[in-house]
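Okay, so subunit A shows up in both of these, paired with subunit B first and subunit C after.
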Partner chain A sequence: MKKKINFKISQTTRLEILKYFVSALLVMAIGSVIILSQGNSPLEALKAMIAGSVGSPSAIGTTIRWATPSIITGIAAVVAFKSGIWNCGIEGQMYFGAFAAAIAGSAITLPRFLHIPVCLIIGGLAGMAFAFIPAILKLKLNVNELICTLMLNYAANLFTEYLVFKYMGFDASELADAIATPDMSQTARLSVIIPKTSATTAFFIAIGIAVIIYLLYRYTVKGYELKQVGENLRFSKYGGINYKRTFIMIFLLSGFISGVCGGTEMTGAFGKFRPAFATNLGWDGVMIASIAKNNPLAVILISIIWGMLKAGSFQMERTTSTNRLVVMVLQSVFVLLVAIDYEALFKHFKEKSQIRRLRIQKEEV
Partner chain B sequence: MFQLLFSISTLSAMIRLSAPIALAAVGSAYGHKAKIFNIGLESYVLTSAFFATWGSYLFENAMMGLVFGVVSGVVMSAVFGTFVLHFKSDPIVIGIAMNLSAWGFTTLLMYNIFHTRGSVMDSRIKSFSTISIPLLDRIPFIGSILNNQNALVYLAFLVVVIAQIVMYKTPFGLRIRGVGSNEEAMQSAGVSVLKYKWASLIVTGVLAGAAGTCLPLCGISMFTENMSAGKGFLAVSAARIGKGDPLKSFLACLIFAFADALSVGLQGFSIPSQLVLTAPYIITVLVMCLTNLGELRKESV
Partner chain C sequence: MEDIILEVKHICKYFGNLTANDDVSLRIRQGTVHSIIGENGAGKSTLMNIISGIYKPNSGEIYVKGNHVVFRNPNDATKCGIGMVHQEFMLFPELTVLENLMMGFETKKFGGFLNKKQAARDIQDIAEKYGFSIPLDKKVSELPVSLLQQVEIVKILYKGAEIIILDEPTSVLTPQGIEGLFQAIRYLTKQGKTVILITHKLKEVMEISDYITVLKNGVVTGNLKPEETDEHGLANLMVGRQVLFNTKKQEKEIAARDIQDIAEKYGFSIPLDKKVSELPVSLLQQVEIVKILYKGAEIIILDEPTSVLTPQGIEGLFQAIRYLTKQGKTVILITHKLKEVMEISDYITVLKNGVVTGNLKPEETDEHGLANLMVGRQVLFNTKKQEKEIAEPILEVKDLTALGSDGIEKVKHVSLSVRKGEILGIAGVAGSGQGELIEAIFGLRNPENGTIIYKGEDITMASPRKKREKKIGYVPQDRISTGCNVHADLIENCIMGYHVAHKFKTPWLINKEEASAFTHSVVENYQVKVQDIHNKIGELSGGNIQKTIVGREFSQNNDLLIIEDPTRGIDVGAIEFIWQKIIDVAQKGVSVLLVSHELGEVMELSDRILVMYNGEIAADLENTPELDEKTIGLYMLGGKS
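What follows is the complex of A and B.
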């Protein structure tokens, strides 16, 4: 009996892996077509991608640099989605976190071992505070959190830009390039792990967060409760879980992690806050979480692939003049392909063929 | 400043800006009634904005732009429908992925076709012209607000009225509403649920396509990268606020458009432009809160 169950699990995982493999192949085929249509050779583009992502130490550094925010935003998305909460405001929460962390990094003087954690925590708290708005609106007024967070993303982007103006005392007429908060002090900056790149120890922080969240879900009662709320709302209510408190907690946790991501971006790669610095980093997290099927450890793996794609796409644009948006299109096509529920599709076809067979039998009778 | 709030130019801009959101919102209302949560509307609007520009460029004719826009809207809707209704994927995931790919896809196509980045401007792109309605200009205040608007604006008004009639006075509308409110009952009454879900998706596609056409061909005759800038999301929230009722959704659109028009008008004052630009988004959230507040109160009574 036990053997049978084991066999079944391994077969489904095998099917899963096959599904991802086939999707990846399909995406590569589509990508070749797009690159050809731009008048470039797909082979050259692939070569540039590989050279740009793992070809040299600096390439690996770029890969790590872009994998880092992907992991953290991916985890922020996983925390929310696992409980069935559509927090799509990761990007907005990140902006607030980043702004707060950047200010904390430049305005406060502290020894190094304290300054970095303080910056990250302040960033996290700012993200959390911003996540509180959609959470409380959903709970008290039943406002759809997905649309609410989408709208607040746009607002957050503009509002942090306003805050930068206000903080720096700029005039609105000043050049867009110059708008930034002051440089953060060296005690607030993470150290670089590969020289001459932006790969910093933020990468280890990211992996740490992923592992903590994995352990939380795997081994603690709290994690079990959080998961339950997502899997079956009504059952969790009967099971004696305080739904409202859990809901707020999940939303705030997701916002906190998003804010920390803003913090690591500031203490790591950027060093000062620029308005609209994070183009699509939040959405990367949403995509990664949906590909990883909300598994925190899978998020790490996929984020590294994401980082490779991003690092490679810069090199590709430089050497072959292929627009790097190709990569973004392919990433979202991959999300589409992985989202197909093959099991339901298979069942549907089976049912249809059964109905057809029954009809034939009927006609024969 | 108060004068600015209700000045003719602000109100006229409100009417003009409401057209794309209203068209998309009415489309989304049909989806809402059929219980399809379609966050991918943003991608329909953006894609059809691009194709409308291209169609207008190819034929030097705004009408062909509309045809291109509508067809691309339907195609996007068909992609969404195939994934959600047949491949049983999560509609939210599909919607998000489509939104993200639409941005890259239109920018890539822009580079392939027009060989530019950022924005497309060409004298061959023809917009719809404004229409002057004979008797309307005689009415003092209202005439100057409503008259001399773009042809697509009047089309949007027409669509709202027709959609309202179709939704509540025809068997087609009844079935769409039925599919949304009780799927099993409709199935046992002999109505194909799948067929009507598809029908509602096609309506959404057509109207979102027309909404996309409004963006480039409503006077400015240009396409810019990521032109829709949340218009699709606004439309989805308008449809939710109106609970799928086309007329109510349209009223919500007017509020959003008013905020939008105001943010253009207020830029001359000393209020920071970033704060003014957030107005449409903040107001959307506020309106959602207020409508839900009213409902909760009704429930408690």
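What follows is the complex of A and C.
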């Protein structure tokens, strides 16, 4: 809050920025070593990455296309993590949201200005309903939500596939490519903002969600309560926050946002639901939230970088022989580097050296 | 014909302390069946693993056809013509027989592609030569066990083995299968191959072997031919008589005997076979004591041993302690119960605030004297108390019972009432149930039993939120983990509770001005030393954090304040300040329930004092000038009841 008002960058913020900068440099160095070890040129790879992410209008379109789901899943993760709830089921909630939105997009006839919001809301509600399972299990039976949501991802993935089969009346003889829900009607599709790419107005919806969540935390009593529950649960109970209702609400909100992400994927890039369409989108959200330190506005920035990396990596794989998975490795390394609490590490070693010095002094005495 | 094809000399192999093979020497002749027999764990498999290159011996040499060889890995052994069929088959169930046979020994064409046809031809030739018939195209998972064994044998033959080691081959076979295997073995030896058979079945050994080597505990105890001996002779060589090791079970029995001896010696009787969770608390304590006795303790320290015991249990414990000291053991007893101290001690040391305040014998003092040494207070300052009107009760607690976090009853049928404008102090030694009582009253802990009436309304099961809405404030004992959120700034910390009880202008929006104004009023009225209310509260000193918390609870127009240890660990100036604030709010008609582990604090502030001992109210005293701390101290320590 203070930073915004005074435009003063405090010591800790400066250190934080330095940390990100150093981490980024380290990641590039590690990346170069990996690419070199595979007998490729890091410089070529970097060139291809840049060309593929911002080098042309279509490249920018691809970047936006991939930044969009990253923002929404990132926000879904922020909502959960900020309140100390380990919702790792974003991907599963997204599948349900996507399936429901795809059905709503093809089965209902509505004018355009209604059809898209209806699809998104139905998607959100489906994601929310799926998130209700771990929420109620945690509250009633104290089931660890991390494991529960993690496992439910598999259930969601396979169950939505089953639903597609049921809904479409497919049998096992169907070709893999044909397994999908019917095409959504044009009234349910978002407009493309950069021609010949999959960049749609979903990007603005994503930014809108991020801003709303930012405002929720900054200005509302509910946001204040959500934050306090995450930071000190005992304090919150003592202060009169109904933490049980808050837990449920966090789960439902996180699930709703995940479901909306499924909805924007359907109304935006995909246009129909295919089983297992979104490999790792949910996990991207988890990673982005941890890099952004649960700040909704930082999520937008990190997600755009994420989108650039993704778009660039496709180009890199096309034009050089470097494998796209290198980028995923580097993304994970970056998360690791940022997650390290250097201050604590520094303190730890300082204490150790002090103890050693004291011991030496004692021996001398 | 019978040339020596394989010879091992003086093989030793150790696994940690265990000697698996001790100076084992062996000669295997070509074209014979040589059985290695021994009990489980005699070192047969270890020896074979050494011969087939899986283990390296610690010392000793291996000669194949007279040449000294050193195997770095199983492939080296394979190259020397040694192949092993393991007890557990080493096959991939989802691959076909042919693919399994080629594994690690692929026939290739064009430098990289598998030549399955060529391989199949070669394998078929080998199989026919040795009388096996195996279906090459089937998946391994579809074949019966006896065929799998054939596959394994063909596999090593295909790799060019001259010496075939079979590790317990008959254990998985039916009698018919065994007969078939033996035929195959005979056929193999007739063709000049050598078979080493590892088994512990004597009948089979006698039937098939040309030579027999017996291993026992890693040592060769016999080298003979079947015609020189019979099954009894072999059994004798295998099992012998000597028992070298205590098995784990025996060790356990010995330990049980030792423990039983100790327990009897000191007059305990504990059931060794029961699960600890099934035992009553008094027995658990005995278990703990026997545990340290078993470890050879001479000095036994007991930390508040009687707090969990019934009177009978205490008597039993004391008997045990007396017995222990009679046997020459030394017992250090930590306790705050004076009666027990006087009863059991030979010497007493009194500690107060980390300082020794007395070293005496029980006969030199009495409970009063001890209490004085223990809780004797120094008067810090006299707070100004004025006459005030104390009216009708605002909070009434009836027959309240609550459990501690460990499930033990910590609050036992407590009844109390706080009147309007009154400061009711609760004194007691830490852990007497005050914490649980307060948490139950505020709603952080569910009472087991009893009712809480506030302003004529039953709020027994109401949540902290409801209680805050009804204008009950609470200053918790643990200011860091309960009283504040160290990661949040001062504003966020100050509006906690305010946002529930007081509500902002628009109830769902945090009004920044209102929040800042309230925070400023807390900071100013309670002299919190902070530069900026946007600073994190965790950066402040303990005293300033405490002032913030007190200020927050006191500034919300609460009618009842529950205050727990308000001045713990803060400096004298802050103590005086907070004391004065407590007296001031009471003056204005706010009721205060004050719990403190500092007797001086309770006596200084309270109008009335309750003493808690062991979860119960031990005394209800008017705080008159005649009341002295010795009397309260006695109640606190259970010396008077």
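The criterion applied here is as follows: the second predicted complex is superposed on the first by the 356 of 365 C-alpha atoms of A that agree within 3 Å, B and C clash if a C-alpha of one lies under 4 Å from a C-alpha of the other, contacts with A are read in each partner's own complex, and residues count from 1 in each chain.
Just so it is clear, a contact is a pair of C-beta atoms (placed from the backbone, for glycine too) under 8 Å apart; a residue touches a chain by one contact, two chains touch by 3 or more.
All values derive from a computational prediction rather than experimental measurement.
When the two complexes are overlaid on their common chain A, residue A:Trp283 makes contact with subunit B while staying clear of subunit C.
Judged by the touch definition given at the top, the superposed model places A:Ser332 against subunit B, while subunit C stays out of reach. Between subunit B and subunit C, it is B that contacts the larger number of residues in subunit A. In the superposition on chain A, contact of A:Val221 is made with subunit C only, not with subunit B.
Applying the stated contact rule after C-alpha superposition, one finds that A:Asn242 touches subunit C and leaves subunit B untouched. When the two structures are aligned on the shared chain, A:Gln354 is found in touch with neither subunit B nor subunit C.
Subunit C meets subunit A in the complex at residues 442, 444, 463-465, 467-469, 474, 476, 481-489, 492, 495-497, 499-501, 504, 507-510, 532, 534.
Contacts from subunit A toward subunit B in the complex involve residues 34, 37-38, 86, 88, 137, 141-144, 146-148, 150-152, 154-155, 158-159, 161-162, 165-166, 172, 280, 283, 286-287, 290, 323, 325-326, 328-329, 331-333, 335-336, 339-341, 344-345, 348. Those residues of subunit B that touch subunit A in the complex are listed here as 39, 83, 86-90, 92-94, 96-98, 100-101, 103-105, 107-108, 111-112, 229-230, 233, 236-237, 240, 272-275, 277-278, 281-282, 284-285, 288-289, 292-293, 296.
Put simply, subunit A touches subunit C in their complex at residues 1-2, 219-222, 224-225, 227-228, 231-232, 234-242.
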